[in-house]
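Shared chain: chain A. Partners: chain B in the first complex, chain C in the second.
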Partner chain A sequence: MVEYGVSVLKKLLFIFLLLTSLLFGSDLKTEQRIYNLIIHTLLPNKEDIKVWGDSLHNKELLNTIPNVRFASSPQDADFLLVSKKPLQDPQGIIFVTDFNLLQKMKKSAVGGFFWQKGRPNILFLRKNLQKKSIQLPESMQDYIEDEI
Partner chain B sequence: MEGYCLKKVVLLLFLTLCVYAKDNLSSLLTTYKKETELSKITKEEAAGIIDIFTREDLEKMQAKNFNDIIKLIGGLHATRLSNNITAFSKPTTATIQLPAVRLYVNNHDMSSSSFGSAFLIWGELPLEYIDHIEVYKGSSSIEFGNETGSLIIRLYTKRPQREVGNKVRIYGDNLGSLNGDIYHAQKLDNGMSYFAYANLNNLRRTTYHNEYKQKSYDLKSDQNGHNLYFDLEGESWSIEAGSYVKEGDNLLGIGLHRTPTGGALNAYHNYVHLNKKFNYDIKLELSYDNLAYDRTYEDINGIRVANTPKLDYYNIRFEDSISSIVLEKVFHYQKHSLLLGSFYKNKKFKADGKYANTQTAYLHMNSYNNALNLYSLYGEYTYNYDNSLRLIFSAKGDFFHYDKSIKSTNETIFRMAAIKQTEHFQIKAFLTRSYVPIPFYKLYNPQNIPYKANPNLENMTLDLGNISLKYKNRDDELELVYAKNRLYNTIVYDRRTANGYKNSGKNIAYTRYQLKYTHNFNLQNRIIFDLYTGKNSQHVVVSPKYGIFIQLFNTIGKFDIYNELIYKSSYSYPVDSRNPFNPLYIDASFDYTVAIKYHINKDLSVGCRGENLFNDSFDQTYRSYTKAIPVSDQKLWLNMEYLF
Partner chain C sequence: MRYLKKIYIVIFISILFAISYLFVQTAKIQTLLNQNVEKILINEAKSFAQNINLLLKKNLLEDPYQQLQEDQNLRTHLENTLSVLRSNTYKYIFVLYRDKQGVYRFLLDGSKDKASFNQRLNVDKKLWNRVYATQKPLIVNQKKLDGLWITYLVPFVVNGKTQAVIAIDFSKELPENIYNAIAPLNNIILYIFIAIGCLIIILVYQTFLSIKNKKESITDPLTQVYNRNYMRELLKNINIGNYQIMMCDIDYFKYINDNYGHKAGDAVLAQTAKILSDEIRQNDILIRYGGEEFLIFIKRKANENDTLACNIAQRIRKKIETTHFQYEDKIIKLTLSIGLTCNPEHFKSISDAIKHADEMLYIAKREGRNKVVSTKDTQIQTVQFQNKKSINEVKAAMEESRIICYFQAIYSLQSNEIVKYEALVRLQEEDGTITPPIAFLDTIMYTNIYNDLTKVVLESVFSHIKKHKVSISTNLNFSDILDNSIFDLIIHEIEAHEELAPWLIIELLEYEIFAETTAIIQERIQKIRSYGVHIALDDFGSGYANYAIFKILPIDILKIDGSLIKDLDTSKTSRTIVDSIVLLAKEMNIKTVAEFVHSKEVYDEVKKLGVDEAQGFYLAKPLPKINTED
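For the complex of A and B:
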């Protein structure tokens, strides 16, 4: 019974965090709102999310996301936003901002948000989601790809 | 029981959030795409009154070439001259001076030096490699660091960083036109990126006929050609190369009785353009153009040109080469900013002609050339009084030095602008003193064959005043524009004089009124109304006095639907110069276009576009031709686009 209660509380906490992030998101710019949604969807049960970015733009972007704080190094981060070059096996979830980089990191990156074919794209890689035991909501299944 | 209820509530909340998240991510992406449109980055509010055709607009319209766009420039009628060259008239006036309209692809000026206009070659420019189009009215060109023009049309190509991948587009129509576009874009590991584009076009148009002395003559305006473009970009530099080749028919030609029996236009334009940004807001541009315009007219019933007997064969080839360097530096200090710039252009011009009458064995050939060194210095000071008010003062000096015969001249441009922007209102006011540069062909031709030229012509001075008042809220935008132009010492053609063109000493004024209303139903559904009219100080009406167009953009599920209706009022035109009191009367026109595109998936779409569906488009009148010719054809296009 206690275990059941904890499980329910966890779910409620996730919903609360998601709602909070979406509500907070309304004051953010659209790009920030997109990352806000991605981060809190990929890390639904995490109360204290540590993030890391490899460029000034990425750092500024992550700095605006509610309920996250910066990690001191890539190894400590739960979520890494990568634009420049592949990282060597960090523990956290890697998300990239460039299609070519996603191709290079297709074994480790969970997904990417990038311009390709004249439009902005969001893409999650199924194998890497499974490796990290991440379940995306049904509504985001359209953004999951087996291959790139 | 409590646990069961809680579980249901949690599940319901989760499902709701899932649905919300789906809509949210999808709509966030749509919003993001809209917010990051390149036109939002490139547009220069201070450069004039702006009309923008965004990428989304062009895609929903299934726009194919430049002609699909220029007929939607508020305040102007897009038309074609008797030899099928794209031109513009203002409401009530005849076609305007072509050098007043300048066309740019990115920062590159596409104008030819012989004619001072880009529209002789680029009028039907294929658009698939273009991201968006900006039209600046009441401009001075100082903001764009180039030669002067009061109407500036800027086309921006697709950026390689955003296009990574490939696209193929194929489209054809019921008259037999068949066109294809392909492009490839890639980002390289060293930080560079490139965009390569190729187009093949074969445009079939309705053939009209002229009956003269019991014989029928075809009036054709088909054309074909290709367009190549390459752009290589680094962090602070880019190099672009373009090549456009076209062959086309002459429509009516220039014969005395408009009875063409042959002839064609063969033209090409190759260019390369280097942009480099340095530290401290310094910008350098280098460019080189080589273009040729080879026109042949054949008319068995005679062609009358200057200083020859009657001809039945006429060929002239103009070849230009243009080298250009532009250097600019911007200074910023607190509320002040100052742009200082200069450019130098070397324009070489060469003409070769062959004029004959095969029935009388007359033959004359000539060849002539000249060159212009054009130096320019310009500056623009901007004072940002506060976050809502900007005051701008600009000045420019253009110094013309020709190699032969034509006297050197110095011209100046002055401009004042004020832009007040609040949450809902924007007021823009521009006052400009400028000039209309004279193209080579009017200035230099030593033999005055086949046309007369006057090396002593003086540039026409131009005063422009423009005020725009705009109200904007989340869904609506209403803009009122009042513009007054005055052209001094106008150039007219007097065939009785040895040099034809002359400064008349007379002035012409023109007033334009425009009202534009846009309503956004939501991010993807929008309607635009544009109403315009004008009057000239000569009180003549030789083109429609009123123009209205409506554009409706819709997205419903996987369908993009576009509706366009262009109305132009009736007008009369004295087609027979010996009988000016018996003009040809042209009814009001309703040009209706529908385009429907179905997105099979994210990468593949098919569409159709029906043009001029009422078969009632704007009819253009011509001297010595007793009928009018529609500017647009009635057509049905089929279109397929594939991204991979």
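For the complex of A and C:
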């Protein structure tokens, strides 16, 4: 009877852990999914994508994205996720996490992703996209801004 | 017990229902609270929106974008005004306009994290466009957005044209607070549910154990068929009329144990039980009755004939006979004897019916084993030798009033006159011939028909006493006195004819009294005597003759056994015994009656010995009626 009870409890615990991991996992992955989409949209043909983040949070976000690896320095990166203006503009595609920063880096950053009024907002700057010769798919055309 | 189970189920369902109801109601309370709060907040938001609308109308002209772009101060003033309305509940208050590309952009933002003028905001365009087009407010439930509950959208219309949309975002904080307040109650109910769930699991497990234990207690571990524990339970509820009884016994089983060992015996028993189980039907009940004895209740439908059990029994017997029982490398051959009770409903009790099947089994054994013997078979056989009747024949005679009394006169040896009669039961055949009781009494001994017969005899005796005002004796067994139903019947008949009771003489047969029944016998005989009924001991001097009887019971008459009387004229021994009996009786003031007086010589002898009364063919044969003129 006792053994049977322990066995049932073990099963219940396993189901509980599985469910909680799935629930919490889904929240954490929302931003990661968005960045995965952004990176592979901006670099559609590149197989070996090197990324770089300027903060722990950004690094964590990039760390889970498939088919990318971390660059050793910002200069080597194909895609950079930044939360503050770098001292020197790198060669790669710069994506920012704040609208104000995007305004500050409107000459170098190709776009940004940030939460505005509780809503997710993606912005691409047309001039910088053209500068980097990036052609966005039709579904993303709506998010391109000429000026900010 | 059955009702108790139903009550438990009803209580259990009621508790479940009550908790479910509570659970649903708590959820309802939460929804209602949310709805009410929502209603209040929306009304407040409406009022805010109205004020904002008035403020904008007051300050803005036909092209708000142009005006606000140019007038930084106005923008600051309006945004400050909007921010006054901001609270923990109204998280964001802002105004967006739609540009030529259909993109929504900020005109004013009263929120804390203020957006830039003309900054785009990705919104659900479908809904916002609707507000733009219809110029009607819209309440949007924000299910996908984190931290937002409701967005209230109000168009800002100038000269019939929508210029912008005022948005008020409700924070999720309030419904979350409501949810958190009610959550403990929900949790309690949930825990009760879980507790009940656990109880149900325990209950189911306990029930399973209980059933398992019960099954084990009623199952024979060796043969895996029911045991006598089950039979005891079964007999309490069984309607015996629906079954025929089969008693089976393995022939020479001791021989198997002695020659092959007990393990072989066990194996044979298990295999036999398996065969029996396979050969009977699902509705039949197989019980291991004793060591190598099995009892089977054969289910019988109303229209099924008596041969059903017989056919099954023959099938089983043949199967056992042709089976090669195997134990290790040994082949063992067996036979089975079977006794049947085909009509258990004719018996007074199920125990009597089983006892009868056992008796039939005994006959099967006695007649050579490997046989099936049923009531019918024994009747046929005995009829051939003893002209015995079957139960059904006696029953039919009873129903057709063919059970009658013959009366044999008893003479006083002093006056040579008839002083009383002995009632002798007879069965009148349909053709009018008469069958003596020896041919049918044994057959019905343990059945209800015997009770009916006793009643018929007593009624006949009383009717003749009433008619002829003469003493009549009738025979009863001690077992009749001990049988509650027969004793009640006797008392009932005596009480019904109380004034005639002193004319009645009860002759007791087979008077072997066991110590444990002495007290009951004494009490009951006393009760019978209290009505004036006389008690006679029949067949005294042979069989169960025991002088101790005089110490136990008050005896009025002693009937000396015919075996002593019939050769009184030739046997000195008989004469000596009768002489001593007469002497004893006289000493104890008991009257003596000599039975079987069949000749003048015997008559003279009994008279000479001082016997008080006599009966026998020499004096008078039993007759169907009393002729008082004699």
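By our rule, the second predicted complex is superposed on the first by the 116 of 148 C-alpha atoms of A that agree within 3 Å, B and C clash if a C-alpha of one lies under 4 Å from a C-alpha of the other, contacts with A are read in each partner's own complex, and residues count from 1 in each chain.
What we mean here is this: contacts are C-beta pairs under 8 Å (C-beta built on N, C-alpha and C of every residue); 3 or more make two chains touch, one makes a residue touch a chain.
This structure is a prediction, so every number in the text was calculated from the model and none was measured.
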Touched partner set for A:119, first chain B, second chain C, both or neither: both
Chain B versus chain C as contact partner of A:137, first or second or both or neither: first
Chain B versus chain C as contact partner of A:145, first or second or both or neither: second
First, second, both or neither for A:99, with chain B first and chain C second: both
Which partner, chain B or chain C, touches more chain A residues: B
Chain B versus chain C as contact partner of A:41, first or second or both or neither: first
Touched partner set for A:31, first chain B, second chain C, both or neither: first
Common ground on chain A, meaning residues reached by chain C in one complex and by chain B in the other: 4, 8, 99, 116-120, 122, 142-143
List of chain C residues in touch with chain A within their complex: 91-92, 94, 103, 111, 115-116, 119-123, 142, 145-148, 169, 201, 205
Residue numbers on chain A that touch chain B, as the complex places them: 4, 8, 11-12, 15, 18-19, 22, 29-31, 33-34, 37, 41, 98-100, 115-120, 122, 137-140, 142-143
Contact set on chain B toward chain A in their complex: 3, 6-7, 10, 13-14, 17-25, 28-29, 31-33, 35-36, 55, 158, 161-165, 167, 187, 189, 603, 643
Of all residues in chain A, those that touch chain C in their complex: 1, 4, 8, 99, 103, 116-123, 142-143, 145, 148
